[in-house]
């Protein structure tokens, strides 16, 4: 069982690292920059979670396998970018799987460290989306998760299942599987049906004006 | 007394969350992005302070009320953005009050954790301004506090009063009130009279060139 | 010996603070923004390292000398920007020296806190480059280290010498000197001969398109 969890965790790491490396390669970073973005996209969520709950050094720093898997993904993108781009759909599926694994694992770890249920669910979500936010900030973009389709909500739903199961004292493994399945299913449905969250009604300000005002 | 402090702290959280949600709504983020910016703008300063002084998990993570108040502000902006925009002056006043409360509370907490006086004052300032910096970085803007009117200086002044009072072993409550009043007064005066800090003389480089050179 | 190390460490801090202040002044930040960038560029790498390994409060927060030296550099740039710009070559040399000192000191500290060899080398590198990354993120630029010449690699090489020497139980001081010398030499050679790392072959996407797609 423990080997299964680690395997799934490393698959999630690999897939998120692919997304970071892809974003870096498209912005013409050098090989070092691509590798850094691989590591950041795959591990920032977990690192921030571990720092916040006081579990230092974070697992991604103290266990070399997270680094190795991240570098592997970075190198793969660096040399075979066109091939992997063609597998776009597969990457989206893997990404949904990674999100599902990370949100569940993150919520469980936060519960183990004694956080309140609501905060544990949010830290599970943070574990899932944190890497993508850090990737986008490093590339000087507004994080895609703040205005894309249902992504963070899927992670929050999956993490919430874990937290509710814990509060009801249900056995851990089935609730973890249920949470991961819910997140995965929501994410795939959002991709297939183009589900979006609503945006606020701020009719008179277009995006460039907004940025311009901020910069003043 | 403790209830008063918590009430003031939560008011500060609410007001800073309003600023984050407003910035997010103007950049057309979805409801999730707006809520994240609410939480980030209201709590990043305190979270970074707590991580730096080793007080993990940070109060904003372990106490659900900070989250609840932040979400409330985000939802309010999301649905009543035009109404709150019309109350622009009130928001500026509340923001000054939030800054005053946060810088004083931040400096006190740093002193309790045994930091040196100068560093405690700076961490007080960081508590006040950190949320706005994180908000601007997430939206891919240069933090407004780095080139706006007297803002960080007001927070530093308020925090310094707390630290000096502590060094002179004055009673805590009056010095906290004096620090908050100084910060609040400086901030309002800066708004009313348009006080600015000087910028360096770098005559030949305009802003776009600067950015362009960096990007090369 | 200890005085020598501290002196070198503070020289490194000063030089990195100069780079932060210069970047801030060119973007027309006010004096406060320039000072913040001085401190951030000089101390972020060490602060992040200390938070990750659980050494809180970080040295840059608990020892006032890092702050004092950073502020000194910021004030110097603010008032004598043209003079220091003319000393451009000297600044590049000092920057290489700062990088060499930071990567070695960072790796040693990580080893002392019990990290694995590979992670200690990476944290040494992070200590060297972290400040520049934070500086660029705050100014809303893609970090220069992700697409410039040999910089991070030099830091990683220097840190690796320390880690290998530790694994072989060689005496600390000579390996530290060898690591610093290797980093310094690599960095100067990269400047002189224009060494670059390769970038990935992503022929069809130019930089603006990349950014545009991300923003969608």
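Chains here go by letter, A, B and C, matching the order in which they are written, and residues are numbered from 1 within each.
Quick note on the criterion: a contact is a pair of C-beta atoms (placed from the backbone, for glycine too) under 8 Å apart; a residue touches a chain by one contact, two chains touch by 3 or more.
Remember, predicted model here, so these are calculated numbers, not experimental data.
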Copies chain A and chain C - rotation angle from C-alpha fit, nearest 5 degrees: 120
Classification of the chain B:chain C interface as same or different, half of numbers criterion: different
Approximate Å spacing (C-alpha centroids) for the pair chain B, chain C: 28
Touching two or more other chains - residues of chain B: 51, 137, 140-142
Partner chain B, residues of chain A touching it in the complex: 51-54, 113, 115-116, 118-119, 122-123, 133, 137, 140-143, 145-148, 152-153, 196-202, 205, 207, 210-211, 213-215
Touch list for chain A against partner chain C, complex: 23-34, 36-37, 47, 51, 56-58, 61-62, 64, 67, 77-79, 81-82, 136-142, 144
